[in-house]
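Heads up, the next two complexes both have subunit A, just with different partners, subunit B and then subunit C.
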Partner chain A sequence: MTTVNKPEEGGSGYIFAELLAAVPDGEKLRTCIQCGSCSATCQSAGKMPVTPRKQWRYLQLGMEPDILEAQNFWQCATCALCEKRCPRGIPLSKLMTKLREYYTDRRGAPPAMAQLQSTLEKSRNITGDAAANRLLWTDNLGLDDQQKSALLKEQAEVIYFTGCVSSLFPQVYKIPQSLTAILQKAGVDFTVLGGEEWCCGYPLYGGGQGEEALAEYARYNLELFKSKGAKTVLVSCPTCLYVFKKIYPKLTGEDLGIKVQHYSEYLTDLLKTGQFSFDTTETVVTYHDPCDLGRKSHITEEPREILKNLPGVKLVEMRFTREESKCCGGGGNLEMLNAELSGEIAQNRVAEANDTGAQYLLTTCQQCKRTLQGGARRARARLKVYDLLEFIAERIKPAGGEA
Partner chain B sequence: MEFLGYEFPEDLLYDNDLGWVKEEGAVITVGISDFFQKTAGEIIFIEIPVVGRKVEKGQPFASIESGKWVGRLKAPVNGEITEVNSELSDFPYLLDESPYQDGWIAKIKVQDKGELQALHSPQDKAAFEQFVQAEKDKYQK
Partner chain C sequence: MNEPRIGVYVCHCGSNIGGVVDCKDVAEYAAKLPNVVVSRDYSYMCSDPGQMLIKDDVKNLNLDRIVVASCSPRMHEPTFRTVVEEAGLNPYFMQMANIREHVSWVTNDTKKATEKARDLVRAAARRVIYQEAIIPQEIGITKAALVIGGGVAGIEASLSIAKAGYKTYLVEKSPTIGGVMAQLDKTFPTLDCSACILTPKMVDVAREPNIELITNAEVVGLEGAVGNYTVTVKKTPRYVSADCSGCGDCVSACIMKGRINNEFDYGLAKRGAAYIPFPQAVPLKAVIDQKTCLMLKNGKCTQACVTACERKCIDFTQEAEEVKLEVGAIIVATGFKPFDAKRVSKYGYGLYPDVIDAMQFERLTNASGPTGGKVKTSKGEVPKKVAILHCVGSRDENTNKYCSRVCCMYSLKHAHLAREKTGAEVYNFYMDMRAFGKGYEEFYNRIQGEGVTFIRGKVAEITEKDGQLVLKAEDTLLGKNMELGVDMVVLSVGLEPSTDADKLSEVLHINRTQDGFFMEAHPKLNPLESPTAGIYLAGCAQGPKDIPDTVSQSRGCAGEVIKFLNIGKVKLETTIVITNPDLCKGCRLCEKLCPYGALEFCHDQKIMEVESAKCKGCGTCAAACPAGAIKQQQFSADQVFAEIEALLEEVAAV
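The block that comes next holds the complex of A and B.
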């Protein structure tokens, strides 16, 4: 057992005491009583070389080489349930992400993260697609050129920031397709950003590059928002929401006076305005709270409020919900770092959903949808995995109906 | 006919991304080759184009997702989609299990049949093998 209480040489410089200081409330780690709640909570713990509890003990003791050798932090989905359950209130998830940064500084990024970083630098999106491909999801809507160009405006009250995954992964194209259909039907003055949009930058932060790596993404995207004269930026991705609200302000120190909202907040009232008429078929659904939306952004009631107001829809809850929700396995770049583990975590959540007897497993995040749908496919679960947007759009009766 | 461990029916033509093309008068049927599906891995989703849509040679007309990989299918010719295999929306595994039969993707009405000249044919064995080898090298890097 190595117990060298010295930092490695050649990194950017901070030792573990500084690491604790670099995370707000990080110093609380000194009060850890080794209760093991973090290990008991963590769905990745079984795949980590040392348990989370043990890793935090190593950190208290300054056993840097042991921590860097184990590389626990790359198996973390950054779901932050450990942080929620920690009786000492230690910011464990943020410390995990800081450890990724510390490791990357000293030993370089793992290949998958280095690849991602280079893709983002070249294309400003996570797949390496040409910028114009960000609008491929509009191609099969049967829109003519005029209708398509109406989605891209110079000025608009509302911007719909589509995000990389929803723009570029066909499995979730229905998310932007559904939101634009709802906004159009409600007569909202909105625009999408298409090829002008850049990634929010989260994959770099999750990949151990630190918050500062997002600075140019923050500057670019915020300038773009300003140029459209928008009052509201809507997102369908809870991670973009988290980045815009929690990370960008730290980087720019600027209050733009633009409201950033997840669609579930925006639609709660809009759907009650009486412009919509809904299918009333009796349907039983369960709802998965995405970590970045529920636990990290405290938005848990809005999606439920929407469901409560959809006629014929009955919500049955899973055992772990709201800010206690279990992860889908898709956070923290885990799908890229350890696809097998990500899939196992998804299957656990799908099993929990299946136990409710619901016909639909709904969520409010494109990445949760992708991982949970994969989990349902592998488990052969007879569950339809939908984003809430798709579910709403499917239940809206076409114009000329009873509305 | 097998090339480097991949099946390529010799009566079909192949585009630069190794999608296949079957000529039937003014209409072509398109799909992905055995090489394409093996390289992509388990295909979990395909976005099917809509009938009536105009497609442009070399431009994406459908997208495929497998795990963390996303691929764009580019139209081999200019034309219009006349029919699609909607079974693939529910059963994307047909692309892996039967790429040349049940996994066909779309039929396209061709504007200029001359454009088919640029496609690769396995009947020219040496040139075709060289082409497949080059593609294989690209993905094995």
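The block that comes next holds the complex of A and C.
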């Protein structure tokens, strides 16, 4: 029989008072009505020893041993759909991440997370590659050395913060390749950071190291941005966006002092300027909202606006879209913690996309692209999984071509 | 003037004040203030012995000014004024110092609280010296009432007032009265036929000589004050003259027939541009819908309705008009709007035809509804499994935080009807069951016994698979996630403020609570009246409620209105301004500033005069008058300055 700590023994929910207070609105957990909407929403629930609702009940009652034994939180993709749907508005996803931290402080990090942490400390990226490898994606662009070095400037209006995954995973090289091509074509004064770039730090936070673990990454990257004299930092990774906008200001205690935008925000107007001509082949696409972009950063209409303005492109929506979008399975370091589960979640989303009859499954995140592409492959779905950038770049007609 | 003789009374309000403020100290301090003859503290000044204390002192010590340091004047100023009056003084020789809301309830610091209480008492004891005797003016009232909204609340209220012998105007926005209750099938927990108990009342309204029913109309303006309101009502044309017998020939003839969603059936049936809302409509007259009639929209139509009408009632030349009504009191009974389930996209309402809302289900089960009472899916089949989802648009931070109070019970009713009419397996998904009314728990018990499956869990999402609707939820009592395939889902939508509550609150100057419903003057002790005197709130306009509660509140409001009309006169606010004809230079600045048009220029004497009934006591004119000729009663310059000076004395000393 499990023992419920009694208030007079200093137990009950008071055990977690500090934890709840450390998360904005975390104390709302006390108002949980145990409706189970989170459990039924969670695609990882089947892999958790107890349903998420039950875990929250443990938390309300201060049943610490039960929480630490169940370890629900390592199965969480931090997609935050439970949080979005919670009738009490409890920040469930943030509490899940906080529980990872709580666990790590007491029992140590799981091996995959410990490994990740030491990799990051050594290399400042998630793969352990040498810093110079961050530019390998420029190799097969047919650029000569001079053109390559033009991507790296001392000073520029715009910085394109490429992010670890896009820089170091060949599967998604096309993302930075496409964005830089578009920016060059539009004549934007921009630079990439190459080997100077550090990871945004999210994997540490997601891995249970707490927000404070990101402090040195915040200091370093912000200093680097400043040194370039840029006004805007562009990202193609929604998680970097989330970290820059939501976590860095908390760590530095001040405004970033620089505008951070996801490329979908930046390109909406740029693509309308008339300097591009597009292929007009009739194409049916569906669009997957990344959790960090849609639900967590409320950017849902810009990518759709871009698609609407691409001639010949018809967007068909999936059953769950925008801030109600389903996860790709690639968030919250889940791929490293439980690759099988991550893959299952991806396949669910691919099935949803398949139901629309679209030819392309588009997204605006390199991680979503990776997991969804894997899901499509396993499901043998006849779907092309593209980042929106690749899709745009492919449809841009070469300069001087037929008008 | 003789030296004033002041009595100061410091109330402990149990521990409300006494727990924080050192009341004894405050009383002792007050005793030393100028002109204070006696100063006491007591546990409850508002109690009978507390009141006696004041009265005895007035008599024995010859007091002529009273200061009560206690709560906010909102509740007990009238109490203590009455005490002073009963002791033989003019009631306006009493001043309150608020040492509860302004002191003890906002701090736990006894030292600072006591200091502030001393300050407030000192200020009140100085001010009271300058207070003057006021004899409130009384004026006659218009012995008629206005009821806004013709649902069950408005119908009940109108009938009560009219039957007491007073002229009652009933203004309804749509072309018929009846409201939502007319659309319901059965009523819980007794399962009475809703229309059967309502329609006789609707007919009573039409027959009642004291009721003037104005349909297709909205209240757009309000002037005057309690007892003498002038209401502007905008009538939308019906395009059918009063001579209409409701024969329905135009309805059958209309070339738009069967092409427009019938709002009465929530889109489950169609109507034409010329239509009669439902067979028992009151008034039973056709109406032509401005928005969809081809003649009215485009000016081009065969006008089949005109040809069909033997009595020649169709009149496309009718125009909107505004009428003014003179009434003494108003009852707002504008009801509610069912929550729009499209806002909860996870349930697929509007996407899947067999996900319907509760009002649509009411129409489906209704014998006079679009299917003749047969419950069928969009494919025309009898459902084998039906799910009913509680709390859609209620108890949810994403939509409405409040409980809509009726959904649990009507969900039980729907479960019963679904079982009875289809024999389907019925699953009710709930978070908490709320069966608080008379006979409600027994009803819950009965429906459980009928074989309805209750699952404690909020449905997370609905998708479609192999022609079935698939629900995902956690059975929280088992602690297990579940998926359930059903043929029909009924969303038990909550109640929201009616669409025009916002507009009406501006017109009538009545506030709304955070949930958007109209705010009552006091949630416990004055739940019938709005904070604006003479305007009452009945039914769901004030908050979600069931039919028994709605009827109780309506009749309560009617009772209040009848009482008021019966008294026949009203005391004017005492804070109104008075002008001093000797000082007024007739510059007419005040006339321009007054938001209520209460100041009029007297051409003979070239000075301003106040129309007391219009003055709301805002004080704008008094502050602006360059000659100092306008005085606001109870807020004269010497009263206010005395108070401020006394308040600042100790500050200056520091």
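We take it that the second predicted complex is superposed on the first by the 386 of 403 C-alpha atoms of A that agree within 3 Å, B and C clash if a C-alpha of one lies under 4 Å from a C-alpha of the other, contacts with A are read in each partner's own complex, and residues count from 1 in each chain.
Please note the rule applied: contacts are C-beta pairs under 8 Å (C-beta built on N, C-alpha and C of every residue); 3 or more make two chains touch, one makes a residue touch a chain.
A quick note: this is a predicted structure, and the numbers were derived from the prediction, not measured.
A.B. asks: For the combined arrangement obtained by superposing on subunit A, do subunit B and subunit C clash, or do they fit?
C.D. replies: fit
A.B. asks: Considering only touches as defined above, state whether A:R377 meets subunit B (first), subunit C (second), both or neither.
C.D. replies: first
A.B. asks: Taking the superposition as given, does A:V50 touch the first partner, subunit B, the second, subunit C, both, or neither?
C.D. replies: In the superposition, A:V50 touches subunit C alone.
A.B. asks: For A:N133, is the partner it touches subunit B (first), subunit C (second), both, or none of the two (neither)?
C.D. replies: A:N133 sits against subunit B, while subunit C stays out of touch.
A.B. asks: If you stack the two complexes on chain A, which partner ends up touching A:R319: first (subunit B), second (subunit C), both, or neither?
C.D. replies: A:R319 contacts subunit C only, not subunit B.
A.B. asks: For A:M336, decide between first (touching subunit B), second (touching subunit C), both and neither.
C.D. replies: Only subunit B is touched by A:M336; subunit C is not.
A.B. asks: Using the touch criterion from the header, give the chain among subunit B and subunit C with more contacted residues in subunit A.
C.D. replies: C
A.B. asks: Between subunit B (first) and subunit C (second), which, if any, makes contact with A:P170: first, second, both or neither?
C.D. replies: The first partner, subunit B, only.
A.B. asks: I'd like to know which partner A:K228 touches here: subunit B for first, subunit C for second, both or neither.
C.D. replies: In the superposition, A:K228 touches no partner, neither subunit B nor subunit C.
A.B. asks: With both complexes overlaid on chain A, does A:G142 touch subunit B (first), subunit C (second), both or neither?
C.D. replies: Only subunit B; A:G142 stays clear of subunit C.
A.B. asks: Quick check on the superposed model: minimum Cα to Cα separation from subunit B to subunit C, whole Å please.
C.D. replies: Once the two complexes are overlaid, subunit B and subunit C approach no closer than 30 Å between C-alpha atoms.
A.B. asks: Give every residue of subunit C touching subunit A within the complex, in rising order.
C.D. replies: The contact residues of subunit C facing subunit A are 345-346, 348, 351, 391, 395-398, 431-432, 456-461, 463, 472-476, 479-482.
A.B. asks: Can you list the residues on subunit B that touch subunit A in the complex?
C.D. replies: 44-50, 52-53, 60-65, 67-68, 70, 72
A.B. asks: Quick one: in the complex, what on subunit A touches subunit C?
C.D. replies: For this pair, the touching residues of subunit A are 33-41, 45-46, 50-51, 53-54, 84-89, 319-320, 324.
A.B. asks: What residues of subunit A sit close enough to touch subunit B in their complex?
C.D. replies: Per the touch definition, subunit A meets subunit B at residues 127, 129, 133, 136, 139-142, 168-171, 173, 335-336, 339, 373-374, 377.
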